[in-house]
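As structure tokens, here come the structures.
One chain, chain A, appears in both complexes that follow, with chain B as partner in the first and chain C in the second.
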Partner chain A sequence: MEYYHSPDSIKDALSMAREFDGNFIYFAGGTDVQIYRKQKLEKNEHIIDLKSIHDLNSISIKDEVLSLGAMTPLDDIIKSKEILKFFPVLVEAAKSVATPVIRKTATIGGNLLVRNRCTFYNQSQEWRNGVGSCLRDVGDICQVTGGKNDCFSRNVSDTAAALIALNAEITLINSNGMTQKPIKDIYLPCGIKFHDLDNEIILTQIRVPFSPKKWWYKKLRMRKTLDFTSLTIAATIDNQDIARICLNGVSMTPILIEEPIETLTLESLIKQARKNCKTVDNDLMPLKYRREMINVYLEEFWNSIYI
Partner chain B sequence: MTGAIGKPTPYIDAVQKVTGQAMYADDYKFPNMVYVSCLRSTESHAKIKSLELKKAEASPGVVAIVTGKDIPVPFGVLSISRDETAMAIEKVRYQGEIVAAVAAETIEAAEAGVKLINVEYEPLTEFFTPQDSLKTCTPDEQIHAHTKDHKNIHKTAELRFNEPEKELETAKHKQTGNFKFAGVTHGFTEPHSAVAMWNGDETLTIISATQVPHYLQKNLSKVLGLPLHKIQVKKPVLGGGFGGKSDPFPHEMIVSFLSKKIKRPVKCTFSREEVFITHHGRHPTEINMSLSCDDGGKITALDADIIIDGGAYGSFGVVTSYYNGVLLQGPYLIDKFGFRTRRTYTNKHQCGAMRGHGAVNPRYAVETLLDMMAHDMEMDPCDLREKNFLSDHSSTVGEFRITSNGIRDCIAAVRKKSDWDNRYGNLPYGHGLGVACGFFISGSALPILWNRYPQTVVHAKLDFDGRIVMFSGASDIGQGSDTMLVQIAAEELGIPMDFVQVEVSDTKTTPVDLGSYSSRVTFMVGNAAKSAASNIRREMAKAISKEKDTPAENITFKNGRIFTNDKSLDISWEEGVEMAMAGRGAFVESGFYISPKLGGNFKGAGAGLSPSYSFGAFISEVEVNPKTGETNVIKVWGAHDCGKALNPLAVEGQIEGSIHMGLGQTMSEEMRYKNGQQLNANFFDYRIPSSLDTPDMDVTIIESNDPEGPYGAKEAGEGPIHPVLPSIGNAVFDAVGVRMMELPITPDKVLKKIKENA
Partner chain C sequence: MEKVTLTVNGFTQSVLVESHETILDTLRNRLNLTGTKKCCDEGTCGSCTILMDGKPVLGCLTPTLRCVGKEILTIEGISSGESLHLVQKHLVKSLGLQCGFCTPGVVMTAIPFLEENPHASRNEIKESLSGNLCRCTGYKKIIDAVENAAEEMRS
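Right after this comes the complex of A and B.
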């Protein structure tokens, strides 16, 4: 397979990336990428598989700070007793992704960068030819809104919601060197370019700085497994009583509401959430219901704080 | 029963299947084989203005291209609605309809060829709802030219006995409901696949994933203009059917035509998306139904007006139209009874037969109305049902002959096991129990194509090696009919099952069987197999009796030995075989099944006629979250009267499978369309319940011993699905007090109802 490459160091991976000049895709577990390739939504020729790179799948916890290699399979996260002890919200989120078999292959890094989804886009090429394609593909209008400028495909990463609520950071490496960033800052409010990482960047580590005092997690979907989210809410309260509530699956980007619990009210929480979520009818669950559930879930979270 | 019958028996092909040795249609590869990819319409209803093939023909690896005009003879499983051709001619009627087929050296070359075909369409008015199709349109707008009065109505089926409408007008206790059901599809594992070969002797062989080799043979003969005796249809191991492989299909015509044309083996295997497009699943349905009772809770009348959305072609639709009504004649005695079903053509994927054919949606309606009735009359829903059951050896108003009937045992079993009497109506808010019953045919007494032959013939062959081979055209589609053939022969001849092997589903070597549909195989093929095997026994006994000078009627075949009670004769099976072979050699005995003449003389009397009927009662338990509307089915108790479980393991599997499939239609499955295009043509978005969504199941097999079934057996493959859906709907009412009149019962619908109710 001339298109498949399996470097064993980051350095080699980056030099391959330069060599292929954008005509490649990084491949972690491949559970997201492969489907895009099959549906001809991902047309880059080369695959750079990150699996053989050492030290990208370690789990370590020191002083209640978690360091997680980006290539750690979700299943390892679920099985780690230590993560469960200090960061149960992350375990819940990982457990809610896909199915047991997929989670053995799917990585946390891949999950953070899982592509945005839309009913009118995540389809075969023949299907897309039927509707006449859309903005995000080769067409010129959004099939949901009829608009010509904005794509509202949904960010569906469940672990992103948990990690943002945990105020986590990621380490990124490209040929210019290493940078660290809060995870929340990598996402962009656009369905087409949904993160600001250039395509050469490799995500190496995830750092979770604190173990929350309280947490809450819930994912809305038709079936108890397999389905992508129709609404994910992860929430934490830290030792300084700062509440971080992150909603995903209802907008182009995860929505974070971060506020001291003292000043926060349920009404303002709902108001902020509803204002910031650009929810459109691009999921098979009805739009009205998904919006309604934002209120219901937030209320449930709110009530849980005082138990 | 002393042998294999009645013992839980793993399927004879189970190991082959789980080890990957089993050969499915797509596993067959032949030298020189070419592959077919189909160009499918991007329009729902449009004239084909032009079709440009030149570029595709010149594409590397492309061997041949065919279009609708090449194979113009219409076909269809029912001779009364042969309205489909192998590919669209002049116009397309649904999005995804095949417009051209490219055969090439590799599948990639075929796909590349397809992309190079240019089609120009001229849009026609599209009909996406049955309501639109009921209206008058211009001749040009008609989906099919043959429909009457310039409407897109395919079939109107109506029967009426004893003026139910009059009773309903004045009835004191009356319930009426408008129900709506989304279309659902079979979701079998193995996609459609067929490979055809044109043989040196100018005959055609086709290996196809089909439930109906016989109807395929007939339709191929018609479409290709080839005499029946020149067509061999072989059904390989099948990865599920559920009714979705019980029609002759366009791709089967295409590969056969192509193989004859280019004299090479030709294969076509569908993608999952193409399987969804091919569909033939349960019709989207709207039902307006009324039901009345007297003061004592006896049902006095039932009337229903039903609209089913057939999609672009006929398939089994005429039968479906009748089944929607006639199968409401049981399990309750209803003397004033009527229905009208209208099946419309629309520009969507065609609907056809699916497990529980035609009767699943109206069953939901009638069982819901009964529950409403019980609630209003302050009667226990089980008691109300028990007051109305048909008795055994009776007859329905439409002259269905009822033989064995275990419905009372069924309801008693689930009532007891679920602790219904203590728990129904007494569970906390959000938690509920619901009951429903079911009724289904055990084979259709009339064949689809009228003829004077038996419904099935089985040959049993005995040779010097002591092996019995059962030759049957029956199609094992995963339901275990091959295993049944082996069990029956082993039982009749008193030998271990490993002495028996099967040769099945090959129209060249096996005697004709009509196929696996309408739950006919156990009843009909079972009877034929029993008689073929017992004829072998008779022949053997005759020979042994002569040689050993013992009356044949005193000879017993059991545990691999052949003996008389006084042991004056006591020989092994092999010895017996030798005696039977002496001076004669291997021989074949035949058995057949022909159903008795049944039913009335009125038009439509044949619909739903069966030599026997199955019965069932199910109770479901649910939890509903009143804040989110999410419904969790936590347990289902199912009791089904299958007459006699020839293989209890298989019956249990069928009941559990029915619960799972019924759960899917009730809770989450739905063919979703936007402008004729399916939004969820994949197993990700078409939501079949996962193992986590599947409740605990408690299965009870009731054996009512049917007088005409083989060893008393009746069907178990379709009947158990009917009560599942309404038992869940009724449990939701018990839990949160809302009536779910629309399936699937998605959380948004439940929540909306709860809010309206508040």
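Right after this comes the complex of A and C.
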């Protein structure tokens, strides 16, 4: 049996979450979770739809600090002239997610917590039965590496790359109260448990503390629309000339490289990126090509700094 | 099963639905509104696009219970009697369809886009329809049709 609930306050949502004791899933836009349900990868009985909680859908900019409600649709971010003025890298990232129609439903919070993906996991039940199940499903072996311990599903959040490059923070609420932490700290280097948030927690706000002096963003994918990322790089340079370069889509977690621009070299940047990315052959694009594209994109970013 | 009241194409009616049901299945299987097409059923092709409070959404990803209290508009509610909407008229005129399976989704995507962006360029029209897959026409004629509709809407 499946049940749908639509609480109109965070308090009600949390109390439902406690009542259902792990047998539930939160819905933000629901554009990704619905597919997991159809593919029988998400089997919890209760859906708690956060759509009716009005406080979670808001955009405000004060003193160049951006506050975003987690349920803000990506399309609203793209259309905000103020966000475009101060945080164009975020607009660019939002524009690169899915399709124009999906972006009207998909939310920024949902995109930040989008589940890690792998070509051997994100498939129909029949496909998985045919090929053989994996560590993340009900199997005991990784279909990509043949290993028995680690899952290498990729984090594919485009907005996470941009928001980490912007040093953004998030507000989280559970029954114990409210906490704030940098976005980069919630992700774990594991394909199965890819963030450290407990089941019940609700992401409510995203705060972006500065408007960068320079920015750069690029996403690699098969088509110019719809596809999840094969490699996303978002980079910013702040007023103190600190470069923050975030790579996503090539490892279990977003990879951040943060260094003053005067000590950073292209060679060290590429070396750090290649060392930290645990890239395996679990995407439609070939592994060798994706690895090479890390160098290509970082070189493009590097050249853009001095223009 | 839950009893819900839905407003579809201006008509309000009560219907029994499953908790997990999508509005696409409710429209097609319970209300017999089969103009909205079921194709990929996973948000990839755009065939099931409908309007919810004027905004395009994918029927296959939208829970029916999320549609309660909203105005749903499907392809059946677009034309007035036998007079086609401009977008439909130009799709016919420009031969922007062959099998016609993707056409309801194209129409339901193009109409709100043109209402919001009456001066859209060809590239913007292309991008707006980038989530609608067509296996017959190769897209050029669809883009032509929407571009011509935009031109006539402006005049």
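The rule is simple: the second predicted complex is superposed on the first by the 305 of 307 C-alpha atoms of A that agree within 3 Å, B and C clash if a C-alpha of one lies under 4 Å from a C-alpha of the other, contacts with A are read in each partner's own complex, and residues count from 1 in each chain.
To be clear about the criterion, a residue touches a chain if its C-beta (ideal position, glycine included) is under 8 Å from a C-beta of that chain, and two chains touch if they have at least 3 such contacts.
This structure is a prediction, so every number in the text was calculated from the model and none was measured.
Of the two partner chains, chain C is the only one that A:Gln34 touches; chain B does not reach it. Of the two partner chains placed around the shared chain by superposition, chain C is the only one that A:Ser6 touches, whereas chain B remains out of contact.
Residue contacts after overlaying the shared chain place A:Asn129 against chain B, while chain C stays out of touching range. In the superposition on chain A, A:Asp49 makes contact with chain C only, while chain B stays out of contact range. In the superposition on chain A, A:Lys288 contacts chain B only, with no contact to chain C. Of the two partner chains, chain B is the only one that A:Met222 touches; chain C does not reach it. Of the two partner chains placed by the overlay, only chain C lies in contact with A:Pro100; chain B stays clear of it.
Comparing which residues of chain A touch chain B with which touch chain C, the overlap comprises 99, 224-226.
Residues 18-20, 22, 41-44, 46, 49, 55-58, 60-63, 65-66, 109, 113, 127-128, 130-131 of chain C touch chain A in their complex.
Put simply, chain A touches chain C in their complex at residues 1-4, 6, 27, 30-31, 34-35, 37-39, 47, 49, 51, 98-102, 104-105, 224-226. Here chain A touches chain B in the complex through residues 99, 119, 123-124, 126-127, 129-131, 220, 222-227, 284-286, 288-289, 292-293, 296, 300, going by the rule given at the top.
Of all residues in chain B, only 40, 42, 95, 271, 273, 627-629, 668, 672, 677, 679-681, 684-685, 687, 689-693, 746-748, 751 touch chain A in the complex they form.
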